[in-house]
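Consider the two complexes below, in which subunit A is the common component and subunit B and subunit C are the respective partners.
On to the complex of A and B.
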């Protein structure tokens, strides 16, 4: 008999309880910790990206005594120009009436004359007139002119209230209309560019507006009364009203970011048409930053699509074969082996793909393309031959091993295609398939292209798709398949009519998980492509994905800067996408499990 | 004499050359920093150089935040980077030129093109063509009729010093084409060009391998300059740049022994031998003496 009241036993009972509570506490802490960590990553990304979309703050404050104008509003004219202007009687021109300050830009001087701009070259002894170009409608007059930092854009305001940005070129046509901020509105009397930034202020009778060269108007408010003096060293606008100096503090660190500049083609300087571009400039550079996310999103989806194009048929085919055709003993060996493929690090796959596979495919391009067409045909042919074989031969190979019959055929054709590749290329494409593709189909060829990424990343996602799809198929209650076969269904009919409809959602979720992995995969895309932010469908051209872009640029972005925040915003998009895909896949799998339970219970 | 030695010995021991030395900055300088660090560690066993090399743009923020004491950079600091440093510390950073780097454009070893002009390189790599090229160069046969095929372009990622130098010097500040591959590391660029008979890419001259050839540059007078150490030092080869080591040292402050030992090693004959060994261009002895004098490292100063 156990004496439950003895101190030793009571102590043990107490210890048991304490241990149980401790374990419960620890395990729930771990669980909650994981959830909190995932949420914290999301919250961190949101917090880091949020300032991008907050509107600029412009506020008037008393200026610190003794503050000086570091950047005057009107830059002095180049020496000698005044004399030249007198000699040329330019004073008589409407330029004098327009009050628009001449602007020096790109070694040239731009004068406003009525509705036209005159370009003077300043390289010779005396200024030389290069051209006179209309920039607003003939009945309008230019009221203000400003050159943006970086020296490639001119902003022109007219007396109907129009405001336009023109990009400047070194040769005719000299000017190209980039942005029309507005056609009509309050007449702008003065334009002031902020020092070392691509922002400018426009003053009209009603108030003051803050514009960014690409994003357009970012703020509008009342202009302080009195007279503007200039910008101080921190970029605040100093203003004198009735003898008191005020400072207009302008806080717009991420003014160039808006939904439009992130996702739509933008009229960048130096390009004829609006473009989708991702080209971050180094920190502290006055060049236009080009933060178009569309090419990156495109590259991410393109890489994933080509990977799935290869992986889905192969992985699902393997899963069907393994679940329905393979003898159990063989399946138990093959499944773990395939899943071992998943343990291969992405860096290794990427390295092999970029430095070994890419040059190899390029050398055997004709053979490789021929294989893509021929391989399925060869498989069909081999299958057809199998049914024509004498029955005695066929009996030597049990059905589960029938795949072996295919192997020599595949090996033979791959060897044949690679061997014949140079000959094919010489016979059909004058020995230069790449040149032929470029000339006749207009397809560029990058050595590290979507095809290579598709092969490498497809290889990497096959194991996860295979494992999940196989689980879903072999998890179908055996009674279903057996019942179908007992009623005389063939294996194919059992698979297609019974197993697949039952396991369909599980197979779908397997593909979704594969897609999630392909979208988030970093190292393979980074190493197997040239990371070119192109938007093309062609399998022979490269791409740049969100994840690879983060790996390349995030270590070097200045924390808190626009570039850094845009990168974290793209990370947030990636996070949300994979989160959504994985959650959807998980929900589908849950429903499937419930269905299996019901099916099994109905037995 | 003996007394002096007895007094001096404990003094020396009180400020030993030991401890961790953090360096954050240029990827181009990584191999140099590593070798200099190893040499210093061999000489003073207590020293540990901790090196993080992901691009010149990472050096100034690390110096400002105080997370590193050495900031190797493959370009001079920009005005805004200097301003941020001065705002944080109250004095400008100390720049020490440590070597020269010549950037070269590489082609596959079987490519017969010997030299290109900067305008041609701009027409190959840029789609703004600010250097004045009328049309983009898309195919090798536009350069040499005997060649064929489209040009494949390789380059570095946008935060690297090489990217900035090529952009400034060869593209006149214009934009790279979108199909210029952005690879991680100069060695990756050279490896990609070595594997691609139609490839052209830029990297430091020190990364020259047997699989690639470095192109000469055709000047305005029509003569070609080979990318060599002599040409870079003489200023004849335009695609060269000085490499800097930035330090956080207040004016008038005595050198901390560890930094002093490191910079002395870098500017010594032994340190410059490492520079040459790794394919960079060593500074001439006269220049080194001048730098040492300016830094107050010259004996007897």
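On to the complex of A and C.
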């Protein structure tokens, strides 16, 4: 082919080509970059939460010359106590000591005699004997014992190889069995607690094990030969073997976290029975941190469930009505209105719920509860009355516009119910509904409770469910509905028998998206509940959700710490849950769209 | 479709059973809740600025109190008998220890609205609800009639003196002091500084000249220096136009002033400024990247299975809870990038962090990430609506792909992009949860823009309307006093967001109509 273009034109052509390629490159780079950045959220959360579940690393290395023992293996007894022990001829017995750190307990000294433990209080001049208790089976003997940091847990090893943790009480029974790490095994000769942590090392003839007070054994390996000296300032264990000092570096920053400690009830210090608890300890505090995620997961699901309980019937009802009955002109007004409702910020809804609605409902509880039953009845009553109206009236109040003209009717009844609330309460519950609930159903009442959250968050998710369900229903090819109506079905029958079976998956995906939104909503839950991590089903008590917990605690958590990582792990759960739910909903929606296209094509 | 009309029951639906009524009721109830919420916000938010009348209440036992009635509640006594109580805003916190008073309605013997009672707003201790008795000038009682006119004139003088003093401090003294502190030592600046400081001293002295003698409802007399007052009005003596003017002035003060008294009084100007600035920064970040990503996804990337999956993933990220974005912002932007930046650039100010703590930049970035899916999805929808013939025609005429995109496709998709950006702004303006992690402050009197280099301080914390609602409503000592302000702030926020959304909806409507016309051609 002969090119008749002048050189200038050819140059211009080349330049255009280059520009085109550059633009494509730029768009691709930016596009991929943006998409990668957006998808990086999941990656970041996984990377940040991963160290929680990595196993501890314990390695032996040559000690730096001149390193000194900062913490001895056994807490040395104060001089007076040492002298007392000598006087009483008790110096051969294994012992454990806790200083007066926990204010409620005071200092304690435990002495092991055979299978019994003598408990001594260190509050006066001389130790005062509190009790002498058997802690292992009579045929066994205690070989080692140690008090964990904080002095509220005592670990006892016996000569059959058993290893148990007891929690310390301020009053009889003085000790309570918390964890049995094992019943039999190699006999433990010594227990060494790591400084300022809830980890301890158990040395037996075969080797060395690392235990965490809740999570149990985290590592087991060979014990270095020779003699243990103590811990250095970084928490490494120093050994002397044939004159050379070795250091056993123990790297287990998140040893207390395992699937079991996160999700199952744990025998925490200070509680009689295993508990599901979320209670993070402050930095440097000796209190046992309680990282049970179950109460938070419960709170999240409870809030979402109560929200959906309100939102699903209302939103689907509205969507059904909009798809089947609303005149087209009105529908074009109503849809954007509800879209506006979706845009209302959570903080405003939460504020109204927490500061206005909650006190209001507290004062009008009887009326509020009555409304739950009353409102559907009143809607049906309106229908009944309407069919008895003269035809001229009915033409003024067409069924298609019922969504609007029912508003004053419902408002009237709501006002009536709230106005009658005190009388209702006086007549049915002796004027004290909350007392009655407490006495007969055992329900406590929090001002900011699940009912309020359900109402507020339900309000927030109604528009999303409505919009998607309405889209699914009105997307059904018109020929189907028209066919059914032509065969004599009423509009409700058409909806129920034709439209819903066709659009069912779409309606389902709408509900799922609503659930995803309810699970992740932060401000409403934060403001409309008391944020106590309870596990109760009661609609009249509060809860704490993952999202609210993140908003409250993450700013204070130390980056890289266990608390921080557990919080990030909970964010990961939230992310995965909503992402999975949304993906599922989206896939369902796509398949539905394809189906509609096929159905529509058959016309 | 023409509906068949039956002769006897023209246009009426056949018997549909009870279900449609439940469905209609659901719709009505949803709309009712929305209307109730908006009405509540509008009523309480705007009503707060209306000068409420002062009632002088005489109780059965002869005691008197003066206050503005706020609301009534029905409660129950411990014995179970119903009780109607009315809340009065009585002010005078320094005298009574309490600015609110619940009064049992049945115990009220008489209610009056005397004209001469005044509400005086002070710099500290909140409002004073009192009866003015006389004016004092430098400790000497004046006998000026009419008292209120004289007082108003003198208050006006104090206010103008204060305005002059504040302007002097802000515009002369502060810059000079900064220049001197920075080491530019010159005699002229020093002289000007001394002169200005002397003038401030004079103004200060002039302001303390006058005082007002007032009497409270309990009969206490006190002398209030005019210097401590911000405004004063006699609601009972005001005519409706005057009240309307006062309402407008109050509203303006709310919008244009900073908060006072631990955020429970004053205005929300810094919060408005912070919100707007953050949203502007965010849209500057999100618009180009969101549009480019959408163009890539729709026009450049091979339309295979992978792209389909990416599209679904991006769409779903719009449904990921906002707090998760906040966590990401905190972990990556603040602790990750910010901490690194501090190590490299601001090592001399460590350990107090510069970029290693929440700030304007990180908040905007986090929200940009949060709203990216919104912009991508909206732009992609816009691109998908453009008929393929447009692209084919452009390419057939010899345009390269870049030219086709720039000259044909992007201009056509512009309204869609705008819709996306507006929706993104509306979403970002209402999000609070991620901001709590990445940089919002309960009180930041320094706005992030000022006359100091580099003028825009990206590392500063900022105030935000939404967080203001949360903080004032839930963390202030006197919730009753803060509540009207929270209502007003919430109304402002909702108003802004609704207007933005309405714009987006209208734009989209217009867009659909245009494309429908294009397709039918």
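Just so it is clear, the second predicted complex is superposed on the first by the 526 of 603 C-alpha atoms of A that agree within 3 Å, B and C clash if a C-alpha of one lies under 4 Å from a C-alpha of the other, contacts with A are read in each partner's own complex, and residues count from 1 in each chain.
Here is the rule we use: a contact is a pair of C-beta atoms (placed from the backbone, for glycine too) under 8 Å apart; a residue touches a chain by one contact, two chains touch by 3 or more.
Given the structure is predicted, the values throughout are model-derived calculations rather than measurements.
Annotation for the three-chain superposition on subunit A: subunit B and subunit C clash.
Judged by the touch definition given at the top, the superposed model places A:19 against subunit C, while subunit B stays out of reach.
In the superposition on chain A, A:355 contacts both subunit B and subunit C.
Shared-chain residue A:170: touches subunit B; no touch with subunit C. In the superposed model, A:246 makes contact with neither subunit B nor subunit C. In the superposed model, A:432 makes contact with both subunit B and subunit C. By the touch criterion defined above, A:315 lies against subunit C but remains apart from subunit B after alignment on the C-alpha atoms of chain A. Of the two partners subunit B and subunit C, more residues of subunit A are touched by C.
In the superposition on chain A, contact of A:445 is made with subunit B only, not with subunit C.
In the superposition on chain A, contact of A:553 is made with subunit B only, not with subunit C.
Applying the stated contact rule after C-alpha superposition, one finds that A:287 touches subunit B and leaves subunit C untouched.
Only one of the stretches 181-189, 199-207, 217-225 or 487-495 belonging to subunit C has C-alpha atoms clashing with subunit B in the superposition, and it is 181-189. Comparing the two complexes, residues 354-355, 432, 526-527, 555, 559 of subunit A contact subunit B in one case and subunit C in the other.
Taken in their complex, subunit B has these residues touching subunit A: 54-55, 57-58, 61, 78-81, 127-128, 130, 132, 139, 148-150, 152, 154, 157-159, 163-164, 173-176, 178-184, 191-192, 195-196, 198-199.
The part of subunit A that touches subunit C in the complex is made up of residues 16-17, 19-20, 22-24, 26-28, 30-35, 37-41, 44-45, 48, 313-318, 320-322, 324-325, 334, 336-341, 343-352, 354-356, 363, 375-376, 378-380, 382-383, 386-387, 391, 394-395, 398-399, 402-404, 406-407, 409-411, 414, 422, 426, 430-432, 459, 462, 466, 482, 490-492, 496, 513, 516-517, 519-523, 526-527, 547, 550-551, 554-555, 559, 567-568, 571, 574-575, 578-579, 581-583, 586-587, 590.
Across the interface of their complex, subunit B is touched by residues 170-171, 196, 268-271, 277, 279-285, 287, 290, 295, 354-355, 358-359, 362, 432, 434-435, 438, 444-448, 526-527, 529-534, 541-542, 544, 552-553, 555-559 of subunit A.
Note for the complex: subunit C touches subunit A at residues 1, 9, 11-35, 37, 40-41, 73-76, 80, 82, 288-290, 292-297, 299-301, 310, 312-317, 319-328, 330-332, 335, 369, 372-373, 376, 400-403, 405-406, 426-427, 429-433, 436-437, 466-467, 469-470, 473-474, 479, 483, 486, 490, 493-494, 497-498, 500-502, 505.
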